[in-house]
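What follows is chain A paired twice: with chain B in the first complex and chain C in the second.
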Partner chain A sequence: MTKAVRDRPRGTALARRVAGHVVRGLVMIWVVATISFVIIREIPGDPVQGMYESLLQKGMSPDQAERATAVLYGFLPTGSLWDQYVGYMWSLLHFDLGRSLSTPGVAVTSLIGSAARWTVLPVLAGTLLSFLLGVIMGVYAAIKRSGKLGDLLALSGSLLHGIPVYVIGLLLTAIFTTLWPILPSGGPVDVAFVPGLNAGYIGSLIHHAVLPVVTYTLASYGGWILAMKSNVVAVLGDDFILAAELRGLKRGIVFRYLARNAILPLFTILALSIGMLFGGSIFIEEIFNYPGLGLLLVNSISTRDYALMGGTFLVITVGIVVANIVADLLYTAIDPRVRSGEAA
Partner chain B sequence: MTRDSAAPEVRVRDLTVVYKTPAGELPAVSGVSLTLTPGTITGVVGESGSGKSTLALSLLNAVQPPGRIAAGSVEIDGLGDVLHLGGEDLRRTRGRKVGYVFQAAQSSLNPLKTVGKQLLDLGRSHDVADLRALVADAKALLARMGLDGARVLDSHQHELSGGMRQRVGIMLALVLNAQVVVLDEPTTALDMITQATILRIIREVHEERALTTLVITHDVGAVAEVADDLAVMYGGRVVEHGPIAEVLGTPRHPYTQGLIRAIPRLSGDISLARALPGRPPTLGTLPVAGCVFRERCDKRMEICETVEPETVTYDGRTVACHAAGRPAPVKRREYA
Partner chain C sequence: MKRLAAIAALASIATATACGSTGQENAGQGGIYTTIDGSKQINASAPINPFNPVGSVFDGYNGMALAWPKNDPIDPNQFYPAIARSWTSSPDQSEVVIHLQPNARWSDGKPVTSEDIRVSIGLAYTQGGTAYALDPKAAGAAATIQVVDPTTIRITQGANKSNTFLSNLLSTVVVPAHVYGSLLPRDFWQKLKLAQDGKGKPAEQAKTEITGLADKVIGFAPRQDVSAGPFVLERINPGAALLKRNPYFYDSKLIGPDKVELLNYTGNQQIWNYLIAGKLDNAPFTSVPSAVLDRIRAVKGSQVIKGFSPVSTSLAFNQARKPYDNVHVRRALAYLIDRAQVTKIAAPEGGTPSLTTSGIHAEAAKVWLGSAFSGLDPYRLDPAKAAAELKAAGMTRRGNKWALPDGKPWKVEIHVPASFSDWISAAKSISSQLTDHGVDATVVTAADYTLYLSELAAGKYDVGFWLMGLGPSPYNIYQRLYGQANGWQMFGGRLEHVAPGTEGNWMGGPETVDVAGVGRVDPGALTSRLSFASAGEQKQIVGTLAKVSNEQLPVIQLWDYVNTQFVNTSRYTGFPPDDSEALRLSSGVWMQLGMIRKRQA
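Take a look at the complex of A and B:
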């Protein structure tokens, strides 16, 4: 109706909000990058200097050793700290995170890139699946809260919320690979198939992804159902639901009022957990030998691969920062109170 | 007083509503009979816990669990016994036939939707064919109440003040042309000026549309402004009912007398206002036998301990008290 009149100021406010977020996010990323640079450079036993010196000891000329180290870390080890910092930031701006130590010569970015493939899809699938399942079951548990079914659902939530993810993972592995061996125990795909868009390869991918995805779903389902149930119960007690019923609104419309108000707070958590998925799930990837970001991070720590470590941290940071921005914008889009800036 | 043949009569008969508590089912409303004369505003006053809101919800068969309507009937002209309605029939009655202005009108709107969208939801729920006309009606009603209709319809709840929300609540109760309107505490939590405005609006719209209106409040002063009839509730019973000027002028029940004495006067000594001694009964402390008011009554007699006073009607007024003298021949005039 008179929407256009109101959209104008709202539009500029939105643009300002986005700009603010982007600036804050960039600052955040810069801070984390700086910290990871300082850690790599200043950590006791200075890995950069150590590398340089060990190359010297192997009989390399200082020139060669310097170049070899620079290739690995992306900056020269001999310059002043400031020169190194500028060099590091410069390569960062070109999306160059240096090279891995443990897999010599391979760029950190390409390691992260190939690991991300194995993390993002399964964890995303697990997150969305558990969210959908938890939200639907949560509504059910809230509506049937005085009956047996509601109790049972709430109990399933508490139980699964309480069991650590690695226990769920090991249990599922024991059941589906040993007791009733219908699923592969580990690895991302059967090597017998030629990678590509053929049925066998894709089928094998899905077959291998079942256990990790199910584990992830079960592990986070508990949190969603409990949160959704308590939100629905709270909104059911709100006056506007009774008011809507007393105005004779159709059941479907009242249900939409209820669901939309109850689900709202969960969207922030959802966006944040999608941001977190760039950290991978260390336990799940360990158990199922899935070469994702979590496993990459663990390996980089155990091999003291500082360049890889710093790069992985940076990617996780960027993921969370972006998720934060998305969460806030999402909230702006769905909650009019935030839009007009009354409630933060 | 506008008496219009279009306005329906509402007859509450022997209504008993119980609430499930750990101590068993306790009555919040016991055996209430009340007739709302077509085209009048009836005020219901009483302290917190006297069963006013439960009575109001019963008119829409909307008593919330753990409450339950145990007995009685609520007949509305053209609708029959509302308590026998269920499912879709009941839903269609609510909003369309009986408008309800919520006790907490401050928070009776969905915070995520504009008023206009909620108005459309209301229209669609009641199969209004011409939604454009509905919006026009809503704007006219809001303008009638001194608001900018277009702006209000385009606003969310949090963008409106308390008084504005209250008026939106009244608009939503009236926009489908309900002939019976129930207002539960319509002016509570509003400042004095807004209160006066809302009361004036209620009176005006009531007369314009020839409604049968029930106003629930704990504020005798507020109800005196608008009502034609007054019902006084205590402990889940209507203890006195009649034309408001008479009930307030010559109260017959000791509780009504106490209520009026408790109102501070603008002129004169403030100490003349005397609060009723004691506290109103709660569900658990209601006496099982005898008069529910006897603990706080200054006219208490022996009979009050054991026998619950009958509701008697004379001179067009009803009262339930052993101490209120009963005239020799009981005229059976319907004013229950």
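Take a look at the complex of A and C:
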């Protein structure tokens, strides 16, 4: 039997598996889009009145506030809920998320696209950095679990895991922007630099991303280290590790066995975390004035910008659904037990 | 590995570059003035268009109006010149002639002419608004717009006059005709005439076509900024906007800074951090905890400027709900609240305790009412008077608590939006004071301001916080008490009073009330007259409405706001003094008025 013939059933099974995931994913997206459509429109509150009163609160005269808000009336969704729903779904099929109410005249896709790039940098960097740190330190904490260093690492994980992200963010802001002002307290990049591939602009991007990335890393590092430590300890007790040690295999090979088995569940979580990054990090973006998707979502809710809210929810949903599919396929690829089960 | 090392090295160099000044564009002798636009957050996705509510046009910098309103306590028609160098108005404001700055030019070098003003007015019609309403019955709508010469334009008011017509005209935002003109169809002015003066289907069709342009106008995104102001937008990102000098500005010699950087903010905390770091030359006031305020004050060059702000905060009642329909209950609560204590807790820097409830900020009330102001009941803390009022309302004392006339417990729920820390502090202070006097009071928060307003308008609250005294126009002031929120609305040009709980009438007050020494009055009708009454009649009406408000207490006026601004004189000097008429305007306008000079070493 040739290799191609032998691989055919496995290839077909994989294709079926991917197709099943895609169909389930699409159904999930439709369900979430429908639910969020209904919930969003049931949120009480008149955006126009809200904007008018907010402008008064800021000291604007009634006439100025009225002028500023009057233009928004034309963009309030009209028609029955069903008509709006049909229109929404039809637009969705054409990848049209509508136009923003809070940023009149601008397409929701444009706003989401603009916010997404500011979310990806700090959240992706923070996720990967915390994953790497957590995994390495987790293995170390498990191996040295009887020593002081192991205890210290585990304690650092527990402590950081227990501190809310906004507390870490505020602490770092207080230290590095006011007490010892070496980092910028807000914004994604200094407006004085001309955008492009020049050292000043890139440097400013990195300079402004330091605090959000460090905050995100510290906030999620605890979870990774604790999970990795727990997994390593569990694997350390498995027979195959004992057998490997008894066979006199090199330390490096035993470590590879250990790490590969302990890290498996964390890959799934990592894939889901990367999917979640499209939701941004509301607290971090709020504290550091980082204009990502989390902040966009919060602002859209406070201004009752239905189109933007729906669009942001949808992007988050798609991100998570895709991440789920990727995680499942990744698991298939890296875990031989799942592969053999599939082949059978 | 080598690649990784190279990337790391590049990143380090880039970061070091960003931290230093290399590569950053240097401003000239005038330096970069750093501030915050308190009226809106920066939205880098929005077009550079003043008709867009979040557009990247900033008043006083790259956004210009015909004139800038002065912070006058009673006269809304007081303005500083801007694109309009001067103006004349007939006594009843039926005709206004505006003379433009002869040297005004756009940032592309083209002159600012009457045609620019005409196009700006045409675009304003697509957005609606007081002076530019398509409805011929609307009060204060412009009737004709005539270009007299390249720097003179004459505008007449329609038959239904308003005494704020001049104010509304002078607030017109000015845009270049050679950039925005194409947004108006060729037959726009004929259509406008038809919409205003025509009848039947053609007129309705014309109205629909004009209002249908709104979407196109606010979504219009010019490729680059063309400004008649002292600055022009150079660059914007979600964190800040950078504006550079407009070399063609008509009074360029008055402008000190070379550039202006407007920082974005998502919360008050960021403004505090900027101020503590000494980064801002000016910032609008935000609620600041006293510890933070002390740190801001300790920064070198930090100063606080204070002045009149025609806004007050009040505790408003839903009079459709018992026992708040009874004036004695409202008065009793007024006698039980120590406003000085409330203000000290809630707005120690940004407010002064209201001297009484008149409906007007005390500064303006003194001018409007003269000696009559001191004749109003001040409602000083007086538990004995409160007890007498509660007994007059039929309330009974059960143990150490007041109960409703039917013997059921009386629970006062004070509603506030969760996002307003000063209102929450005030509500807690009031609740505590009332509880001390035997009134069972609690504070209930709404998730956000939008939800709060929605539930308030739906009549779901008995007692809630409400902004009032929105001067300087007396009509705007009393609209907050005797307007839509209290049942008075214009239907087809006629004022009507709707039943409580309908059409946004959540205050639920009676249509007419008896006022000592005046007789029976309709406060809504009087308020409506304020929009077109002569100065003498306005004074008389304001006197009556102040008395109505003081006797009937649809609200309890708690504190009057103080316009409080933070400035830092380390880099620039010449900020407006306390109580300046320019205090509520942006730093860009201060610069146009010759303020803000670079500090000399």
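Basically, the second predicted complex is superposed on the first by the 281 of 344 C-alpha atoms of A that agree within 3 Å, B and C clash if a C-alpha of one lies under 4 Å from a C-alpha of the other, contacts with A are read in each partner's own complex, and residues count from 1 in each chain.
Following the convention adopted for this analysis, contacts are C-beta pairs under 8 Å (C-beta built on N, C-alpha and C of every residue); 3 or more make two chains touch, one makes a residue touch a chain.
For clarity, every value in this text was computed on a predicted model and none was experimentally measured.
> A:202 in the overlay: touching chain B, chain C, both, or neither? Say first, second, both or neither.
In the superposition, A:202 contacts chain C only.
> Under the stated touch criterion, which partner chain does A:118 make contact with: chain B (first), chain C (second), both, or neither?
A:118 sits against chain C, while chain B stays out of touch.
> What is the contact status of A:94 with respect to chain B (first) and chain C (second): first, second, both, or neither?
neither
> So, A:148: does it touch chain B (first), chain C (second), both, or neither?
Touch status of A:148: no partner.
> Quick one: name whichever of chain B and chain C touches more residues of chain A.
Between chain B and chain C, the winner on chain A residue contacts is C.
> State whether A:178 touches chain B only (first), chain C only (second), both chains, or neither.
In the superposition, A:178 touches chain C alone.
> Of the residues on chain A, which ones does chain B touch that chain C also touches?
Touching chain B in the first complex and chain C in the second, no residue of chain A appears in both lists.
> Quick one: in the complex, what on chain A touches chain C?
Chain A residues touching chain C: 43-47, 49-51, 53-64, 66-72, 74-75, 102-106, 110-111, 114, 118, 170, 173, 177-178, 181-182, 185-195, 198-208, 285-287, 289, 291, 295, 301-304.
> Mind pulling up the chain C residues that touch chain A in the complex?
Residue list for chain C touching chain A: 10-11, 13-19, 22-25, 32, 38-39, 43-47, 49, 51-54, 69, 76, 127-130, 164, 167-168, 171, 211, 214-215, 218-221, 235-242, 261, 263-267, 269-270, 273-274, 276-277, 284, 309, 311, 420, 448-451, 453-455, 457, 467, 470, 473, 476, 479, 561, 563, 584.
> In their shared complex, at which residues does chain A touch chain B?
Spelled out, the residues of chain A in touch with chain B are 1-3, 6, 238-240, 242-251, 253, 257, 260-261, 264, 334-337, 340, 342-343.
> For chain B, which residues count as touching chain A in their complex?
Within the complex, chain B touches chain A at residues 60, 62, 64, 91-96, 100, 102-105, 107-114, 116, 121-122, 124-126, 150-151, 153-154, 156, 158-159, 169, 172-173.
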